[in-house]
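Next up, some structures in structure tokens.
In the two complexes below, subunit A is the common chain; its partner is subunit B in one and subunit C in the other.
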Partner chain A sequence: MRIVVTYKWTCDPEESTVRADGTVDWSRAKPGLSTYDPVAIELARRLADEADAELIGLTAGGKGVGAPIATKTALSRGLDRVVVIEDDSLREAGRSELAAVLAAAVRQIGDVTLVITGDSSVDVAAKMVPTVLAGELGWPAVAEVTAVAGQAGALRVERAIPGGAQVLEISGPVVLAASADAAVPHVPGMKELLAAGKKPVDLLALSALKVTPRNAAMTVTGRSRPERKARKGQLIDTADPAAAAAELVAALREVGAL
Partner chain B sequence: MNAWIVVAEQPTVGNLIEVARSLGGPVGAVVAGPRSVAETVAAGGVDRVVWCSTPDDVPAEASAQAVADTVAADPPRVVLAGRNPAERVLLGAVAARLGAAVLTGARSVSIDGEKTIVVNAVYGDIAEETVAVSGPAALLLDGGSVPPSADGSAPIEEVSGTPLALKVIETSTHGFEEVDLNSAHRVIGVGRGLKAKEDLAAIEELADAVQAEIACSRPVAEGLNWMGKDR
Partner chain C sequence: MDFELTDEQDLVRSTVREFAAAELAPIAGEIDRDHRFPHETLPKLAELNLMGMPYPDKLGGAGMDYVSYVIAVEEISRACASTGIILSAHTSLATWPVYKFGTQAQHDKYLTDMASGHRLGAFALTEPAAGTDAGAGTATAVPSGDEYILNGSKIFITNAPYADVYIVFAKTDQERGARGMSAFIVEKGTPGFTVGEAEHKLGIRGSSTPPIYFADCRIPQSALLGEEGSGFKIAMQTLDGGRIGVAAQALGIAQAALDASIAYAKERVQFGKPIATLQAIQWMIADMATEVDAARLLVYRAASCVDKNVPYSTEGAMAKLFASETATRVAGKAIQIHGGYGYTESYPVERNYRDAKITELYEGTSEVQRMVIARSSLR
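Moving on, here comes the complex of A and B:
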């Protein structure tokens, strides 16, 4: 059984600045593993161990995603090997295009019956790549997954729904998007960090993949930086509770909240 | 079809219908969920409703290919879905089938000749891009509340294809009352300034007094589990 877990090597928008003209300056941002991807890898690793399956990391992106620092960081989280599509044309790729590339890679890897992804990426946070990926593969997808057990062809999946949780039985290949709190990722130890350097890295050329073409094109015709309403930042001293309550009510009335 | 709306287990698509109507042209809805949801949407001012019926123990996600088939048979300019896991899955299947562009931060949607113009918030809303899309666009938007009843109701076409291999074997409730924060007039936000779960009672009293809903920071819902994740 082969399990693929997708991951992203990218920058956190918290480290970027937006210029007055609306363009984003990433020059002071350092790339890393997207925040919730270690959760997905942890969940996938546990399942792979139980099912005695090979766990393959998969990523696609612009220049840098295939660099040793990127691949080793991902591998150290518990992957058996990684498959990387590094192509600068993917830097500005839309969600649909990226999903199509990942789907082509899954087909290329072959014998994959389960794909696990994170909840969403730290930078784009669209929550759509896993679902379009499933559509491209013709597989079902389930999001907000909090637990997975079993083997390919007989998976028991727990997921959050409005008001509670549900357990599903899934009897075919599927894409599962892990909830951000599905697992607490362990911190890789020195042994894992060292072992990561020896694990296989397969670089796939984008041109060699059979990617289903898109029927839509997007052009950015304008950029802007939205006006940010300044927070009032009013702190009320609660030494005298009665006076504090009066001050709170007055403050809320002043801004029209009451 | 000009605009298709994909709907899963709940009819919270009022805003989607409004946006779809604003683009002019016929609006259709394809529903994967209980028949009652299809009926609510049919009465909400759309021109056509296709209901993918499945046995009770089959989740909406299992209808993703049937939903994609429906939309592909009458391809639109835009497909809209609300921000719920099941609807994201349905929209994903449609986007893949159509080879559509996907945008998830739309602040506004309009038409310019053959193109669909979307003002899209990016990178966690720190910036905005105006995007011109040629070809089909799949957009995630806030669903909004249940659509108001229109005069008359669109007919419901029932289809029952072969669902994908998913079955519900257990459902449990967490006991938190879920609310729609988007339609609240006032929201009180709380975080880890609260020392104990019991302190929430004071906030609930305030919320009652001023008719507000309570929202919380992520740790309060996820780590501490004092409130539902919808907050």
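Moving on, here comes the complex of A and C:
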């Protein structure tokens, strides 16, 4: 059984700053594994150990995703090997384009029956790639997965739904998006860090992949920020709680917040 | 000259930082307030191969370079200085002399367990009347048949209540002064060996530091570490490396204080704007950042000397001297930046301040470091 887990090497927006003109300065942000990807890798590793499967990390992006620090960081989390598509044309790739590249890579790897992704990426958080990837592969997609067990072609998946949990028996290949709290990722030990440097890294050329061509182009033509309003700084210091609450509601209605 | 860390060193930093944030930072304040030794942390450190990082894999260690080790001590100490010294004393002071001077039998019996973190070590040199003047110790180890009989007391022994293996220094020949000192490996529970009550300290309160006592404590001849009479040399060489670990601890404390100060200065509003916009605060932050970076370069340079197997006594002394005094200065400025809040337990900088001071004292006071550096400079 081969399990692929996708991961993203990217910067955390928390480390970026916004310039006065509204543009984002990423220069001080250090790239790393997207926050929820270690959760997906942990979930995938446990299943791979249980099912005696090979666990392959897969990533695609611009220059830097194939750097040794990036691959070693991913491998140290418990992957058996990684497959990397590093191409600067992917730096600004949209979600659907990225998903198409990942799907082509999954087909190229071959004999893959399960793809696990993180909940969302830390920088974009669109939550689209798992479902678009599944669509490209012609597989079902299941999100908010909290547990998975079983073997290829016979998986038992638990997912969170509003108000409870759902259990699914899945008999074919599938894309699972791990819930952000599906597992507590283990911190790699020092020996795992050293071993990561010796694990295989397969670089795939984008030009060699059979990527389904896009039949529509999207270009961002504008961005705007909401108008910043000056703080009113209005103080409600009425002693009686009921009267103070009424005053607060009236003030919020006056400014259109309620 | 390349000032960049390797990928592995970068990965060590981010990984240990992740661990420290999840497991050490949440309890750092509590173990300090309660003077509590963090028993629950040691197995976690061992599981991540952090207890014997610089020792070969085949001997139970992680087989990593010394720069990676000091980075780990720095990141651990940044979250919890008490845990930093528990680790550093075990790895640098207790495990190293067994690794360097132990026989094959001693390696088999102790080293793998110590390097893998399954047995905790302690280093017992200091005595009530012999601190900086370590050679004036009066603890004795009198040969008796195929044993030695230990008598005497040691103070300020980090890890003592919970250690399994103790490196103890005692005079086998009292006539020869420091040259009559020998080193021994003593196991917990040996009859005649007791551990006293832990000191209540200004800082690093999660680290336990009691006296230990030997009263006609019989140990086998095989407990001798190195040659008879080489104990003082073993102690000094061990401290040469150990002070790089303390320098890394000081660096971690200083970085924590600086990080807290930057965060506070950005949030605290006075006169209608964050105090980070005030030049007085900016200059303090600038000085703190510069000193911490300079300390880091000295600490990493000393560790790099260990990796290159070149002499590091002077470099280690410089690192320890500068990093420890930087930690005290930076932690003091951190409280200044925090104002009245910095004086309360609501913010961590008061703990940084209390933790910092010991780094100027143990494993050779700043005065001792100056002696080492002067001797080297004036040769």
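The rule we apply is simple: the second predicted complex is superposed on the first by the 220 of 258 C-alpha atoms of A that agree within 3 Å, B and C clash if a C-alpha of one lies under 4 Å from a C-alpha of the other, contacts with A are read in each partner's own complex, and residues count from 1 in each chain.
By our rule, contacts are C-beta pairs under 8 Å (C-beta built on N, C-alpha and C of every residue); 3 or more make two chains touch, one makes a residue touch a chain.
None of these values were measured; they are calculated from a predicted model.
Student: So, A:Gly32: does it touch subunit B (first), subunit C (second), both, or neither?
Tutor: second
Student: Looking at the overlay, does A:Pro130 come into contact with subunit B only (first), subunit C only (second), both, or neither?
Tutor: Touch status of A:Pro130: first partner only.
Student: By residue count, which of the two partners contacts subunit A more extensively, subunit B or subunit C?
Tutor: Looking at subunit B versus subunit C, the one contacting more residues of subunit A is B.
Student: If we overlay the two complexes on their shared chain A, which of subunit B and subunit C does A:Gly197 touch? Say first, second, both or neither.
Tutor: Second partner only.
Student: May I ask you to decide whether A:Asn215 touches subunit B, subunit C, both, or neither, giving the answer as first, second, both or neither?
Tutor: A:Asn215 sits against subunit B, while subunit C stays out of touch.
Student: Determine, under the contact definition given at the top, whether A:Asp181 touches first (subunit B), second (subunit C), both, or neither.
Tutor: first
Student: With the two structures laid over each other on chain A, which partner does A:Asp240 touch: subunit B (first), subunit C (second), both, or neither?
Tutor: After superposing on A, A:Asp240 lies clear of both subunit B and subunit C.
Student: Using the superposition on chain A as set up above, list the residues of subunit A that contact both subunit B and subunit C.
Tutor: none
Student: Residue numbers of subunit A touching subunit B in their complex, please.
Tutor: Residue positions touching the partner: 13, 16, 18, 22-24, 94-96, 99-100, 103, 123-128, 130-136, 138-144, 156, 159-172, 174, 177, 180-181, 212-226, 252, 257-258.
Student: Show me the residue ranges of subunit C that touch subunit A in the complex, using the header's touch definition.
Tutor: Against subunit A, subunit C makes touches at 7-8, 10-12, 14-15, 18-19, 22, 47-50, 53, 57, 62-64, 68, 72.
Student: Would you mind writing out the residues of subunit A in touch with subunit C in their complex?
Tutor: Those in contact with subunit C are residues 32, 68-69, 72-73, 76, 187-191, 193-194, 196-197.
Student: Within their complex, state which residues of subunit B touch subunit A.
Tutor: 9-10, 59, 61-62, 64-65, 68, 83-86, 88-89, 91-104, 117, 121-138, 140, 164-174, 176, 178, 186, 210, 222-223, 229-230
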